[in-house]
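There are structures below to look over.
Two complexes are shown next, each including chain A; its partner changes from chain B in the first to chain C in the second.
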Partner chain A sequence: MVEPLIKVQDLSMQFLRKAGLFGRGGQRVRALNGLSLHVRAGETLGVVGESGCGKSTLARCVLRLLQPTAGSIRFDDVDLLALNDEDMRRMRRRMQLVLQNPFSSLNPRMNGFELVAEPLRAHRSMPRKEMRDLVVDLLTEVGLSAEFLSRHPHQLSGGQAQRIALARALALNPDLIILDEPTSALDVSVQAQIINLLVRLQRQRGLTYLFITHDLSVVQHISDRIAVMYLGKIVEETSSEDIFANPRHPYTQALLSSTPSPDPAAKRQRIILPGTVPSAANPPPGCAFHTRCPQVMEMCRARIPHSRLIAEGHRVSCHLYEASA
Partner chain B sequence: MRVEVGSTLWFLLRDRAAVISAGFLLSVALAAVFAPILTPYAAQGMGDPDLSRKFAAPGIEHPFGADGLGRDQVARLMFGARRSLSMGVLVVVAAIAVGTPLGVVAGYLGGWVDELLMRVTDVFLAFPPLLLAIAIAAALGASYVNAVAAIAATWWPWYARLARAQTLSVRERAYIEAARGIGVRHRVIMRRHILPNILTPIVVQGTLDVGTAILVAAGLSFIGLGTQAPYADWGVMISDGRLYFLSGRWWLSTFPGLAIFLTAMAFNFLGDGVRVAADPRLRRTL
Partner chain C sequence: MTPILTIENLQVEFSTPFGAVHAIRGIDFSLARGDILGLVGETGCGKSVTGRSIMRLLDENAKVSAGRILFDGMDLLQLTDTEMRRIRGNRIAMIFQDPATSLNPLFTIGEQIKDVLRAHRGSGRGGAKALAIELLADVGLPDPAQMMSVYPHQLSGGQQQRAMIALSLAAEPDVIIADEPTTALDVTIQAQILDLLRRLQRERSISVIFITHDLGIVAETCQQVVVLYAGRVAEKGAVETILARPQHPYTRGLLAALPRPGSRGNDLRVIRGNVPSGFERIVGCAFAPRCDYVMDICRAQNPAFSVIDSTHHSACHLHEMPANG
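This part shows the complex of A and B:
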């Protein structure tokens, strides 16, 4: 097996929620709770989970925009958490981030040229003419033209703005792009265009994607493997065909049953989960999912399940499969 | 940015008080710049005495009268405007130039840097401003430049606080995080992302402050710590005329006093107009 481009192990991130004026001390919010995953060079890992499960925290920790409380992140065999600030800053030219809402992630006072040239200015020095040509090439690559050089974000449609954000991410020719809900703020028709663009860019440039979303149907087409996240942990991880054909974790099964199918003939039984996601400030003991799990057993309330390899490339953290493994 | 300035101007032109104020300030500024051409008493405006006209009352020849050295008050006001207006503007520009970067650094970096800078501003704000300005001007020596420096030294902490408060809100925007993710250096983020996005409230506050700065500068000149003879500014003119006010020569202090009053008020109206026009949420109330 090839050494993964990025390898995250036992990553934990706790936020200290400050107590109010009359509160009785702060509370620890466990956004990530011993999360492990890896992405091989050239592949796409889709990370799927409900809102509040820690997806965005994961993206920020991998880029070290947040300092994780515990665990390790290795990128191309470099321990990111051991780097000093300047080395980490330099490392970011190899790993870029695309955020959900392009209108809030693009500075409203910058025009297309300034936005796309920003990473170049941060990491390379080149004559202005050369930079302009490069920016135009990047705009062309994401399906825009030179006329966007002088446009400001409020003059763009959602899809155009997200293309600008992509051009920014591509400017330094990175190895890894972390996509944090890159299509969730867009219309459905535009979503498909952006996904197709991402697929094409990956093929042409040999990019590696860490694609974070709440929407299984979005990652289905683009991902090689899918990891399902629940309360700061990966509960199941397997190839993207396998997850639809053979979901094992009860949470994955519920998630899949809630995804609308374009085929009206396909009848599926919907699994309705009771309740809502427990608070990350006060996660349930044992398996974090036991409060909502339709197949809950006695041991689930007491013991935390370990991640087990139940088939080639298929990992599950669930007591149902502890015995069989 | 271009677009925003355009729409701000568009709304500003619909605010009558602001337009009239701007017109008034513009004419005062033009009168100050072109004073040597506009008045036949340019030499007196710059301080030369003409004792034959000593204490001439307001009339056709001297609409605002003449002072104890026979100098035409209109000319004195026009030449005085050069110093009074420029002092007001320079104080605010200097205060913004010092206060804004410190506030941005404090707000963006946080931690001990923030703590240190904010405690320093607290120390400056703890003094009564005019008293501190008097102390600094007295220590540096009485002159126009020192008066500007002294007042600016009492003023920058307000801009540091304003800039810090604005920075704290802009810092949380997604595009700041996006820039950090790209690997943009902190100082570039502060200069290119934070500064342009906090400038509007600072410009508004600056416009409002020019009037007050003119008042304070006049105060320093009034007690002899600002502009020095033979030159005059409006504060010096009030000070020179005050001894004669009760003996019937009311015009000596009244006209410079009115000039300060109207100019300060005009800056307030203009600043208020800019504040409303620059903020889309306030525009609707027009």
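This part shows the complex of A and C:
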């Protein structure tokens, strides 16, 4: 069995909400609450969840842009949380982050050349001519011509800017790219272009992706496996095919049935969840989903369900599957 | 039955420091009484500008250069500002993407709704309160009596949108224009709001123009759909026909570009190129530069609507070709 490229175990991240002007606050916000997952080299793990579930916090913890409160993160069998800052900085060459809005992540004063060359300059030194050739190669790889060397972000469309962000991420030849809602700000026709590009880049370079999104239809298209998050935890994890064919967690089932389908033949049973996601500052006792779960049982209010393997590669955290197992 | 709202040859221009932008270049459609009509298209297609033109809420630098908007025997574009004020909110209401910016942060939900009730229905003090509570209950807000004294910032995004819908219903409008009302919401909350709109349509037979970029939402919520491209209607008709048998190459391209269950492992179909900016003068069909079926005539002449069947129209030269069966 190959060791996974990324292995996250029992990760917790608590933020201390500072007391406000009127003395309120001072609460602990549990953004991640004992989360475990792994990503094998060359595969795509899709992480889906709604706003506030902690999926972006997860991305930042894996890159150690945030210092987790507890748990462990191993990258290529190295304990990231044990590294000093200099070693971590070196390690980050191998892990890149691409965000939803390229216009806020790209420096508006830099042109295409400077944007893509910046990570190269930070980690390597090379003659300018060689640097330019490398940048042109990277631009070509993401489907942009050399004329983009001199363009600034405001002269780019959303799709072109996201391509620049990708070229920048590829510059240091990383093993892992964390994609945080990379297509959510794009129009459908452009989204398809970027998704195809991501799939092609992965095939050509053997990249590993951690793909974070709220969009189930996008994530199933690109992922090998999918992990569904709710209030700082993974509630279900299985293959991309299985999540649609055989969703087991009531939250996954509701999420699937809530995603509008353009297929007029797909008139399905709608599961409409009541209420909203509880605050991470004050998560409910027992199973965090019990306040909205259509199949809630007495024990769900009191006991936290454990993650259980219910079939090959299919894990669920739900009391429904504890009784029968 | 006569439509409640008819738009004829609407054209809107924006003056900018870089020249005129032709945001809408001749749009025709009508909204039948009691229908939900989806107005779909990508960024810049003119869908929001159409909604704002109906409400006469266009920005200062925008000008309606041609067309008529017929509502209850009147051309809204010919009304004086005072006459339009009596229509706006009263007989045609609008719901926006971000309810937090359309609700007044300084007043409680109850005060805002009672205000509308008193102004539009002439309700007395006690009557307004009872009606307001009834409305809040009707849009599914929990504990409506208590909701009356709550300020907008105390509500979640989904609850704010429910409050906004209650506010728009308060004046009992004939038409509601909903501009991406669920785009800022999570999918499970979006499902709740779509469910609410479907129920209100059933129970109150309201007529709605639903502006969205999401064909899935159209499939699940609307009866009619108008597909816009670069400020013109590409295709329009009954939702089931258009989503099952799209005729216009743009509609077909949009549907094919969507990732869906089972699409993994294949490239998504891409619509090449980008949407025109609005600055350039478009000769012929606006979609011609991106169309896989482009012919000489497309670059020279704007296509007229072809009748596919009595409820389905598509503006494409392909339909005029005798061999195209």
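Keep in mind that, in the parts below, the second predicted complex is superposed on the first by the 322 of 325 C-alpha atoms of A that agree within 3 Å, B and C clash if a C-alpha of one lies under 4 Å from a C-alpha of the other, contacts with A are read in each partner's own complex, and residues count from 1 in each chain.
Everything below uses one rule, namely that a contact is a pair of C-beta atoms (placed from the backbone, for glycine too) under 8 Å apart; a residue touches a chain by one contact, two chains touch by 3 or more.
None of the values given here were measured: they were computed from a predicted structure.
A.B. asks: Have a look at chain B and chain C on chain A after the superposition and call it: clash or fit.
C.D. replies: Overlaying the two structures gives chain B and chain C room side by side.
A.B. asks: Once chain A of both complexes is superposed, is A:Val277 in touch with chain B (first), chain C (second), both, or neither?
C.D. replies: So A:Val277 only meets chain C here.
A.B. asks: Taking the superposition on A as described, I'd like to know which of chain B and chain C A:Ala122 touches: first, second, both or neither.
C.D. replies: First partner only, chain B.
A.B. asks: With the two complexes superposed on chain A, say which partner A:Asn101 touches: chain B (first), chain C (second), both, or neither.
C.D. replies: Touch partner of A:Asn101: chain B, not chain C.
A.B. asks: Which angle, as a multiple of 10 degrees, do chain B and chain C span at the CA centre of chain A?
C.D. replies: 80
A.B. asks: Going by the touch definition up top, name the partner, chain B or chain C, that contacts more of chain A.
C.D. replies: C
A.B. asks: Touch check for A:Arg89: first (chain B), second (chain C), both, or neither?
C.D. replies: After superposing on A, A:Arg89 lies in contact with chain B but is clear of chain C.
A.B. asks: Scan A:Val199 for contacts with chain B and chain C and give back first, second, both or neither.
C.D. replies: second
A.B. asks: If you stack the two complexes on chain A, which partner ends up touching A:Cys318: first (chain B), second (chain C), both, or neither?
C.D. replies: Touch partners of A:Cys318: none, neither chain B nor chain C.
A.B. asks: Should A:Val62 be classified as contacting the first partner (chain B), the second (chain C), both, or neither?
C.D. replies: Neither chain B nor chain C is touched by A:Val62.
A.B. asks: Touching A:Ser189, do we find chain B (first), chain C (second), both, or neither?
C.D. replies: It touches chain C, and chain B stays clear.
A.B. asks: Once superposed, minimum distance in angstrom between C-alpha atoms of chain B and those of chain C?
C.D. replies: Taking the overlay as described at the top, chain B lies 12 Å from chain C at its nearest C-alpha.
A.B. asks: Help me check something: in the complex, which residues belonging to chain C touch chain A?
C.D. replies: Within the complex, chain C contacts chain A at residues 42-43, 142, 156, 158-159, 186-192, 194-195, 213-221, 239-240, 243-244, 253-255, 257-261, 263-264, 267-271, 274-275.
A.B. asks: Write out the stretch or stretches of chain B touching chain A in their complex.
C.D. replies: The contact residues of chain B facing chain A are 1, 3, 173-175, 177-185, 188, 192-193, 196-197.
A.B. asks: Can you tell me which positions in chain A touch chain C when the two form their complex?
C.D. replies: Within the complex, chain A touches chain C at residues 50-51, 157-159, 187-193, 195-196, 199, 214, 216-218, 220-223, 240-241, 244, 254-255, 257-266, 270, 272-277, 292.
A.B. asks: Flag every residue of chain A that touches chain B in the complex, lowest number first.
C.D. replies: Going by the criterion above, the answer is residues 60, 63, 65, 89-93, 96-97, 99, 101, 104-110, 118-119, 121-123, 152, 154, 165, 168, 172.
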